[in-house]
Amino acid sequence: MSIAEASKRIPEKVFRDPVHDYIHVQQQVIMDLINTKEMQRLRRIKQMGTASYTFHGAEHSRFSHSLGVYEIARKICDKFVRNYSIEDGGVWDDSERLVVLCAALLHDIGHGPFSHTFESIFNTNHEEITQQIILSEDTEVNHVLRSVSPDFPNQVASVINKTYPNPQVVQLISSQIDADRMDYLLRDSYFSGTNYGNFDLSRILRVMHPYKDGIRFDYNGMHAVEDYITSRYQMYMQVYFHPVSRGMEMLLNHLLKRAQELFLTEDPYLDHETHAPFLEPFFMQNWTLDDYLRLDDGVLQTYFQHWIHFANDPILKDLAVRFIDRKPFKSVTYSEEENQEDLKVLIDLVGKLGYDIRYYVALNSRFDLPYDFYRPSAEKPRTQIELVEKSGNMVELSVASSLIAAFTGQQRGDERIFLPNELFYGKNRNNITLFEPILKQIHAMTKSGKLTPLAEGFDGDDQI
Amino acid sequence: MSIAEASKRIPEKVFRDPVHDYIHVQQQVIMDLINTKEMQRLRRIKQMGTASYTFHGAEHSRFSHSLGVYEIARKICDKFVRNYSIEDGGVWDDSERLVVLCAALLHDIGHGPFSHTFESIFNTNHEEITQQIILSEDTEVNHVLRSVSPDFPNQVASVINKTYPNPQVVQLISSQIDADRMDYLLRDSYFSGTNYGNFDLSRILRVMHPYKDGIRFDYNGMHAVEDYITSRYQMYMQVYFHPVSRGMEMLLNHLLKRAQELFLTEDPYLDHETHAPFLEPFFMQNWTLDDYLRLDDGVLQTYFQHWIHFANDPILKDLAVRFIDRKPFKSVTYSEEENQEDLKVLIDLVGKLGYDIRYYVALNSRFDLPYDFYRPSAEKPRTQIELVEKSGNMVELSVASSLIAAFTGQQRGDERIFLPNELFYGKNRNNITLFEPILKQIHAMTKSGKLTPLAEGFDGDDQI
Amino acid sequence: MSIAEASKRIPEKVFRDPVHDYIHVQQQVIMDLINTKEMQRLRRIKQMGTASYTFHGAEHSRFSHSLGVYEIARKICDKFVRNYSIEDGGVWDDSERLVVLCAALLHDIGHGPFSHTFESIFNTNHEEITQQIILSEDTEVNHVLRSVSPDFPNQVASVINKTYPNPQVVQLISSQIDADRMDYLLRDSYFSGTNYGNFDLSRILRVMHPYKDGIRFDYNGMHAVEDYITSRYQMYMQVYFHPVSRGMEMLLNHLLKRAQELFLTEDPYLDHETHAPFLEPFFMQNWTLDDYLRLDDGVLQTYFQHWIHFANDPILKDLAVRFIDRKPFKSVTYSEEENQEDLKVLIDLVGKLGYDIRYYVALNSRFDLPYDFYRPSAEKPRTQIELVEKSGNMVELSVASSLIAAFTGQQRGDERIFLPNELFYGKNRNNITLFEPILKQIHAMTKSGKLTPLAEGFDGDDQI
Amino acid sequence: MSIAEASKRIPEKVFRDPVHDYIHVQQQVIMDLINTKEMQRLRRIKQMGTASYTFHGAEHSRFSHSLGVYEIARKICDKFVRNYSIEDGGVWDDSERLVVLCAALLHDIGHGPFSHTFESIFNTNHEEITQQIILSEDTEVNHVLRSVSPDFPNQVASVINKTYPNPQVVQLISSQIDADRMDYLLRDSYFSGTNYGNFDLSRILRVMHPYKDGIRFDYNGMHAVEDYITSRYQMYMQVYFHPVSRGMEMLLNHLLKRAQELFLTEDPYLDHETHAPFLEPFFMQNWTLDDYLRLDDGVLQTYFQHWIHFANDPILKDLAVRFIDRKPFKSVTYSEEENQEDLKVLIDLVGKLGYDIRYYVALNSRFDLPYDFYRPSAEKPRTQIELVEKSGNMVELSVASSLIAAFTGQQRGDERIFLPNELFYGKNRNNITLFEPILKQIHAMTKSGKLTPLAEGFDGDDQI
């Protein structure tokens, strides 16, 4: 085959989709990719991880998101070929379509269960694994891509790692307004039942243009772009950074750490009934791509339930129960700069109550940069958003929009300390006995939602 | 405590919900029930089972549906107390509210993973288990309900088994227009991205009235009721009975049967690596409520993946791969009456290809009765829908509406025979060799989507 | 120019539309037609006439509907050319596109204000006027169409009167599932805030196919077609036939009749201040197309307000006040067959109260035929809906669907008698004096919402 | 009657509403107000004036908006009485409900047709007229309000002019987040088909609290408030300030000015056929409330059509044709500070072409202040938005939100010069003859969308 042959249209197949109405599949290669076991595996991994514990509707999978990214990319290609085809003197070469569609569809294929947490503990990296799945000769994905041409897997992988020569293609998949982000904002909004992520996709697609060196937007679409950026900001603030979801993440983090620790230090850490065969390669930091592809949300949760029912370690069992029965750690905000001392005091109090602070206290900061212009010196220099005036003049978004200027280069988010739920005021008023003074001190430090120093002399004693 | 005390309002808590905007919780008992481990377990069980393999958006859980049923019930109580309170001379006694809300919330709590299939193989019954969860002293649910009053669990359970004395309460939870059905039509529509299940909930709630002996509807709301019935019919025809979802169910059915057979006949059926501790009590038909509550979608799928990677039996492995990688059995319709002979011929052909027909062929019929009036002689006599004219006169729905009359008492659905996907025309054109004549006969019998007799003399041979 | 040249694409222009998101204009001819004064005039005529007095959101114009019909037709052409082009061996000739689009856009251009009522009084006919606007050399519409080719106006007109040779084109514009009906169901639903008219447009468009002799639907889309038919039925029953809107129509009817009568019989019927120059040609039954194109909702309502403030005739003033201030006639149902005598009794009672029954009583029946198969003998034989099975076999819809069979050939609707609002029970309890016995008899006959015979001996007197 | 009696609930009546689903009417006074002729008149006045010429869906009336404001106010009262009632120790006194609901419903009742333009020409003021309609003894509105208590009209009027003693009540009706703005953003979004005005009403209502001295918002609802402010900003930028709608406004302005001028200077300015009896009192600046209440969109447009057909003045006819047939003036932006000279040059060029520049040129600036904190010194000092932290601490919105800080106190909008459409480049390429050099100069100054100085020596002559 060749790219040209593989690009030929087959009779259209569709998937009903609540966000885009239909996902339209028009090439056999795309259908075959969707049917690979690596793609199907994404059905078993939730798109939003622990966020479904806060927003109960947000139970959609990475599979459904991947189809959505594909569909947005397809729509963009359709629009580009209609209005900017090189055949009509424009700058869009539609022979790029197939690589765009494949990259869009496969962009997240390296994700594992609860990626954020999993990666931080086991040093996996979903972006690298995406590349491996595309490039390894053992995967069905690679097999399908290779059937297009021997070099096609490399091309698709290079789009994802941003080394593909055509910047239009790269920016459709990864930039500050790309098919990935556009789908996840709309989809996460739809399923969570919040509307913060809604923006005007049709208008964005109308004002998006290919240029020789990338993607730009009509100046008169500036307000639609502003709307997209503020929607994204709202989703981060109100949904993705929600403290309850993070409370579940902290639990998960400590639970996996405890399991690894038991596995590595005790022999046998877990007896016959409780072993977790698909996790062990990761505990040992010696895993293959095949090992990775066996993991999903259900596998982890099944092992947690095995541990609840068969394991002996009380901390492992307790953390597993908290996770499975949804008892998230609860949090207050603090300031890295101002509360160093208070943190120590508070953590110390928790320890005094008998909690192992390695597993029952967690610090977590979560920040996002809603928009930035191109800074070559930044850690991750970004492609800025460029607007094109009627005259052909280009303006960077934050120059044109004082609304966006207010965001530019600024981190938004917070730092929180997470503790077991039962330590908070109001949770245990009835059965405070022995530890009452300590609990009262904890309550005093956390009551307002912000970490607050203890008043001098306050020891939680009765007189208060 | 007492029911009156337990009914007192706490400061309202809410859950964001994409279907109802917010779920409003106004009693501590409701909050406590939601936080039980038995309720939380419903997060790990998909509402629509294998339907998410057809409609990729339909990944929502029974947890989210249960909250939705609760919320509709709550809205109805609010409306009834406002307009029909016994305090104002009406027939609604708002001291029933708490039992209604609890029954609504707990109505589906006995569901397990892929209930439809699981129940048919292991003889479990989710309705009975719902009762057990409510009544067993060992559950958190029972503990919370008991805190209201010692008899309260019995009351809630009796609503669900329809023996509760007040028929208004029973019909809110189980009748042809109840809170359960209203939520699942709206919710399954929303998540699947089809709109067939949409009906005018606000208007239905407006025209719904309590009467002494149950729930009725204003005559001038007849068209809204028609709309609800036709929506329900559409959902059954277009979504719930979709042949691809049933193809996955048939796979699952055969996979579980194979595992049970191996477990019961071979020793050890599955070695150390492949055992499925939470399933074994069911293989042995000797399980407790605790055993049941350990099951969820992820547990089953994890065992299937263990079998893929560790089991020796080729049929078990093959069926597990087909399920995990989504390779549903494919089907054609047939007629029980007309195609008995053809069925035998076709099944025989499949056997000749070397497939074990016990595991690679399945017959499945799926029928629904969209509406029926009260027939005391029927197997499950139903409560009919009654409309009330301005004059106070009552009319049964199918008498008033000739549209509904068209449905009344009629089963809708079809009978299908399911076979491995690769046997169908178009799937294997390139590598047909040895079995070509047999395959051609299979193709000839299944090509039109309906089971079709072989033309006389047709043997699939080359001359055709 | 030629049709081929006129069909060439210009840079796309769009109109934001709440139903279809965007209306896409891709030919200069379409843009020019939209900008004609005959099209712009449709902005001043409400799509749903008096229905906005019942559903206050339904204030959209025939202009917005016309754009919507155009957009659906455009989408269908896009789909047909992609999948069934004669260039690829199919049966769709895309050189028909321009005539389809123009006919879709202009289909309703002959509508005047409150057409239903206006036509019945002044013997105008919006379908004939549509033809005239297209064919008359004096209109801007004709001028634009003529610029395509001298015969093009005739072609467009022949689509509308169903004599165009290609039945595909005719059926896209006028059949039981055409672009016109599809838009008005969706649009009237959206603006009225009822959801009854919602059906699955995307799916209908997917299963719609051109055949040599017209348009058909895939058999597996049957449920989507059923859904469309039941939606249409619901809109007629719940929205279009709403008795309050008809109460306003009856008022309007009598008001215009009174004005005409005064104009024809009195000299001067109306003095200087109250004349209604744009209406007079219609009073005299001697009007031109130019006269017709001067009318719109605002013109009629302005004259009504002039009459309120300047006219002398008390009936004219009173009816105008009732219309302008929204005091609809109120109604009860009756049966043509059973209530002939009762009607006379009731009308007689109204007359006794001093109302001129020519202007204060109205009978109105409104019926719809939700679906019919082709009956050459019927008054208006209809094109039936045909489904095509995979095998190529064709089935008429009501044969395939027992749901639709329930509707087929059956009229739905009712007959009502309309009277002044103040005559109904509950409206005038406080100041009944002289006419009390008569009013009581009227109340007794209308109280239940259905016309009811007076009980023997009942004379409305005090003893009751 | 008394306020307490008038507040009593009647059996609920509803109006179907596309934005709020249903409008719920629960007091007879509200029903009676809706039925007054002054309220019904709002059906004949479009909410968005000339914006429907840009967004064809935006044809909704001030009547539908008024019901929406009422409904939001009603929901707020319901929530306040449930959670903050003085009966439970809170600060909300539900005896204020009736005055809130009446003020919400009547808030815009003083609007006339195309208010923005009409007021600037005839020195009317819709806010003052709202007061008059409420207070004048001759209106039906006053009659209904007076039936509650003799002082009730004064109370309602004082809410609208912000002198009512309870600041909670005043702020519900007029503040930076009030029922009026919340409804118009949602409604104008819905009908225009843009989504910019969507914000999370349910969440705003959840975080809104009454305090002794007004209305505040929970700190944790800050992002919902940000979302509301940015939605409002987007609606101003993308919808309300759209240059095409303003092009229609400018036309309307000049048309009315021309009619007044003719009326005042010529005798008879308009002959018998063309007089406009309801407008004449305004031409003469000598009008009564009754005169005002006769005006609506249709009346103005009918007079414009009379002028087209009967008037002699060519400018009056031409401007009327442009308005009726939707030929808006077109515009470019300019800068007050930088383009004074260029403006003169351009206007001079237009004059040279023979246009009367008093009627064919218009300057228009349109600015909005998306948010401001309380500045006693400002022209219209505003009530700032206050957030309340858990601790009870109050923070002004722009202090808490750096996103809002970016807007605070800043005007957004532009200044434009409007000219006849035909003067713009691309509109008249084919028939430029005599005035070609002048037109070329105009084109050169307007081509980029911004007013641009002529290059030195450029005279539009051929060599260019």
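Residue numbering begins at 1 within each chain, and the chains themselves are lettered A, B, C and D in the order written.
To be clear about the criterion, contacts are C-beta pairs under 8 Å (C-beta built on N, C-alpha and C of every residue); 3 or more make two chains touch, one makes a residue touch a chain.
From a predicted model like this one, the values you see are computed outputs, not experimental measurements.
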Name the chain whose C-alpha centroid is farthest from the C-alpha centroid of subunit B. D
When B-D and B-C are ranked by contacting C-beta pairs, first place goes to B-C
Let me have the rounded angstrom distance from the C-alpha centre of subunit B over to the C-alpha centre of subunit D, please. 52
Taking each chain's centre as the mean position of its Cα atoms, how many Å separate subunit C from subunit D? 32
Whole-Å distance, C-alpha centre of subunit B to that of subunit C, is 43
By the touch rule stated above, which residues of subunit A touch at least two different other chains? 21, 194
Of all residues in subunit A, those that touch subunit D in their complex: 194-196, 198-200, 223-224, 226-227, 230, 233-234, 237-238, 389-391, 402-403, 405-407, 410, 448-449
Residues of subunit D that touch subunit C when the two form their complex: 15-19, 21, 35, 37, 40, 43-44, 52-53, 55-57, 59-61, 63-64, 67, 190-194, 272-273, 277-278, 294, 296-299, 301-303, 305-306, 309-310, 324-326
Could you list, by residue number, the parts of subunit D that touch subunit B in their complex? 11-12, 14, 21-22, 83, 202, 206
